[in-house]
Amino acid sequence: MSSAGALALPSTSWRTRSALPGFGLSLGFTIFYLSTVVLIPLAALIIRPWELGLSGFVAEVTAPRVLAALKLSFGAAAVGAVLNTVFGLIVAWVLVRYRFPGKRLVDALVDLPFALPTAVAGIALSALYAPNGWLGAPLMWLGVKAAYTPLGVVIALTFIGLPFVVRTLQPVLNDLSRDHEEAAATLGASRLQTFRRVVFPALLPALITGSALAFARAVGEYGSVIFIAGNLPLRSEIAPLLIIIKLEEFDYAGAASVGVVMLGVSFLILLILNGLQALMAKRR
Amino acid sequence: MTDATMTEFALPRPRAATADHPVARALLTATAMFFIALFLLLPLITVFAQALKNGVSTALAAIVEPDALSAVKMTLIAAGIAVPLNVVFGLAASWAISKFDFRGKSFLITLIDLPFSVSPVISGLVYVLLFGMMGWFGPWLREHDIKIIFAIPGIVLATMFVTFPFVARELIPLMSDQGRDEEEAATSLGASGLQTFRRVTLPNIKWGLLYGVLLCNARAMGEFGAVSVVSGHIRGQTNTMPLHIEVLYNDYQFVAAFAVASLLALLALVTLTVKTFLEWHYADEIAAVHKH
Amino acid sequence: MSLVVESVAKRFDRFPALKGVSFSAPKGCFLALLGPSGSGKTTLLRILGGLEFAEAGRVKFEDGDWLALPARERRAGFVFQQYALFRHMTVAKNIAFGLEVRGRRHRPPRGEISRRVEELLSLVQLDGLGKRYPSQLSGGQRQRVALARALAIEPRMLLLDEPFGALDAKVRKELRMWLRHIHDKTGITTVFVTHDQEEAMELADLVAILNQGSIEQIGSPAEIRRSPASYFVADFIDSPIRPSAEQVVPFPETRAARH
């Protein structure tokens, strides 16, 4: 903009010059806001546990109650993600490939877990699966106790994760050209063979992404779980609840330790899945 | 040899090469519907059914009761501050990222998405670690008699954190797709930065922006975990609607809990309706890919 | 006559894509369906491949009712315009696909399959590229993989949808002669769709010119050049010869069936 700039030699600056205004202001505000709201607070989380020292940190996160809570949060999230992978694939397939009355309504309903506040979902699921609830009573009759057990945790985490798988698959399924399926048919493949050998491999990366997103969300989920979980220490107590309990005991370092482990393991899993995906994408 | 006018055979219509067997189709549809009914529809119905169990007037009474009203007010304050701030941030971030080239751009995008992969409880926890009684700034805040945790600022901060990426993440792909030709044209025609933004950029992104605001607001009003950590659950003072629901539910006031919950469920339904409407009518003007 | 098409008609919604098309072609013939876009040529090809269904009409092939067979039982090698190669499979896997999905009783043993794949790879001059993925190939190479994949099932009929449409002019010319060569070697009845009159006239034994869902003329390139049956045909093949008055049937009923 200034005439001096026009005379300057071509620089190896970290940014390309542009005729548009507002770069400094917009990027400056972005970085300032990002730092205050997200980065500095997260730094506080990562630094806090180390006031216990390494051995203190390890002792903290390997305490039986903490281990049990972490196991439940990650285990139930994994089971929920697997359920969502199977049923999410079916739901996405039906919504993309078939026509039936009320399809748009069903399609809109898939987003409910995104839109419904978690506390509302939590008390609804809890009432539904309580021993005297609409679904809890028949389940009790079958000898299955859902509410206030790990099974209840799985149910809540399945609810929360469904849209991730469906919404990740839908666009991919939509873009999948019919040519490939037609080619398979002209080559003599049955529908099942076509699905297994042609369609499924093409969907696999999106399926893994969707499951990973559902899993990541489920690991940290709190609101929809605590009402139905019963929160018995060592049995149905999830890791996020343990953080709150430790905070109430003013054990900041302990709470931060659990938080750091949750974050770390989540990132590790996402990193592995990303790597897996990159590996698959290489072939395309 | 033959001609078009000769007898036309009515042919039976075989199944298309890419169509599923009718039985498979029926089974898959039934499975999908059953799963959706069980996991999505039934919980939604439960909320309203439980709220209206003892009649409309009981439900209404639970909503207009002072503690409930104060919770509504608290929720509106939190969303009313967090959403506009995140809109400003979203606009600034997407302007910088989509209209300029600079090093570290993709890293910046990753950082913006960060709050999505953080547990809501941790989102609250980080502020307690900063501003809580035993947090980094705790002693200083106490000396100056400023309350952040267990008070409105904490609730607003926690809400800001969890809703942080919504607007930016909607606008960045949208504005990147649109490129910078139009803005450059406006600049060459003598428009100022603000004019360019208001008259060229904003009209192009208005539906995407509305979409982002909608999702941001839904999450802001419904956030529970993060707010729960920083609020202190002081009835009539620092309880938002989701927190009020928890208090009522734990007090065995089920009908009242579900009555307040049905307000939030209605908000969710309105959000979904508007969202679906926007997706139908302005699909091209909202970012092409939606991963929440 | 080995391929007999009788009054095949097809609509999309209200729009008639094929208005009762009839013609026949001898065994081992190389037939081009030539016409502008929207003339119904691709629809006809997809009907022959079992990917689209005629509402009226009959197709006989080698004395059997061709339309009664579902796509996967026709053994019609179909080469798609955009090739439709399976992206997640290697070239060799793509070619072997049609053999590997056969029922156990009809499936050749593993060694036989890989031998056939090698054979086909060398037929389409891609020796040594079996382990590549489609994304690692050029357009012309992909085209040849698609052809090898279609040939692997020992097709009774070979169907090609704009086989050279996505290629640049030079590769086009090369592949054109090569396709003719493969046809002469295998002797499979081949139908290909094109909008390029030069390509059709140079390559085919028999050219059917379609316009708005009807066949304007069918005949050998020489016949069509000598006496175009309608102004449309004359225009389309850039012929200086105008059709003689008695040859021209009022539009759109213009049709000449031969053989």
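Residue numbering begins at 1 within each chain, and the chains themselves are lettered A, B and C in the order written.
Please note the rule applied: a contact is a pair of C-beta atoms (placed from the backbone, for glycine too) under 8 Å apart; a residue touches a chain by one contact, two chains touch by 3 or more.
Remember, predicted model here, so these are calculated numbers, not experimental data.
S.K.: Show me the overlap between the contact partners of subunit A and those of subunit C.
M.R.: Looking at subunit C and subunit A together, the chains touching each of them are B.
S.K.: Given the two chain pairs B-C and A-B, which is bridged by the higher number of C-beta pairs in contact?
M.R.: When A-B is set beside B-C, the one with more contacts is A-B.
S.K.: Which chain lies at the heart of the structure, taking centres as C-alpha averages?
M.R.: Central chain: A.
S.K.: By CA centroid distance, what chain is farthest from subunit C?
M.R.: The chain lying farthest from subunit C is B.
S.K.: Cα centroid separation between subunit A and subunit C, in whole Å?
M.R.: Result: the chain centres lie 48 Å from each other.
S.K.: For subunit B versus subunit C, what separation do you get between their C-alpha means, in angstrom?
M.R.: 52
S.K.: So the centre of each chain is just the mean of its C-alpha atoms; given that, what is the distance between subunit A and subunit B in Å?
M.R.: The separation of the two C-alpha centroids amounts to 15 Å.
S.K.: Quick check: what residues of subunit B touch more than one other chain, meaning two or more?
M.R.: 17
S.K.: By the touch rule stated above, which residues of subunit A touch at least two different other chains?
M.R.: In subunit A, residues 182, 185-186 touch at least two other chains, as defined above.
S.K.: Any chance you could list the residues of subunit C touching two or more other chains?
M.R.: Only 50-51, 71-72 qualify.
S.K.: Please give the residue numbers of subunit B that touch subunit C in the complex, ascending.
M.R.: On the subunit B side, the touching residues are 1-11, 13-17.
S.K.: Subunit A touches which residues of subunit B in the complex?
M.R.: Listed in rising order, the residues are 17-18, 20-21, 24-25, 28-29, 31-33, 35-36, 38-44, 46-47, 50, 85, 88-89, 91-93, 95-97, 99-104, 108, 111-112, 114-115, 117-122, 125-130, 132-136, 157, 160-161, 164, 180, 183-184, 187-188, 192-193, 196-197, 215, 218, 221-225, 228-229, 241-243, 245-246, 249, 254, 257-258, 261, 264-265, 268-269, 271-273, 275-276, 289-292.
S.K.: Flag every residue of subunit A that touches subunit B in the complex, lowest number first.
M.R.: Subunit A residues touching subunit B: 14-16, 18-23, 25-27, 29-31, 33-34, 37-42, 44-45, 48, 87, 90-91, 93-95, 97-98, 100, 104, 106-128, 134-135, 158-159, 162-164, 167-168, 171, 178, 181-182, 185-186, 191, 194, 213, 216, 219-223, 227, 240-241, 243-244, 247, 250, 252, 255-256, 259, 262-263, 266-267, 270.
S.K.: Under the stated contact criterion, what part of subunit C meets subunit A in this complex?
M.R.: Touching subunit A: residues 49-51, 71-78, 80, 82, 84, 86-89, 97-98, 101-102, 133, 135, 149-150, 152-153, 159 of subunit C.
S.K.: If you look only at subunit C, which of its residues touch subunit B in the complex?
M.R.: 6-7, 9, 19-24, 50-51, 53-58, 67, 70-72, 214, 255, 257-259
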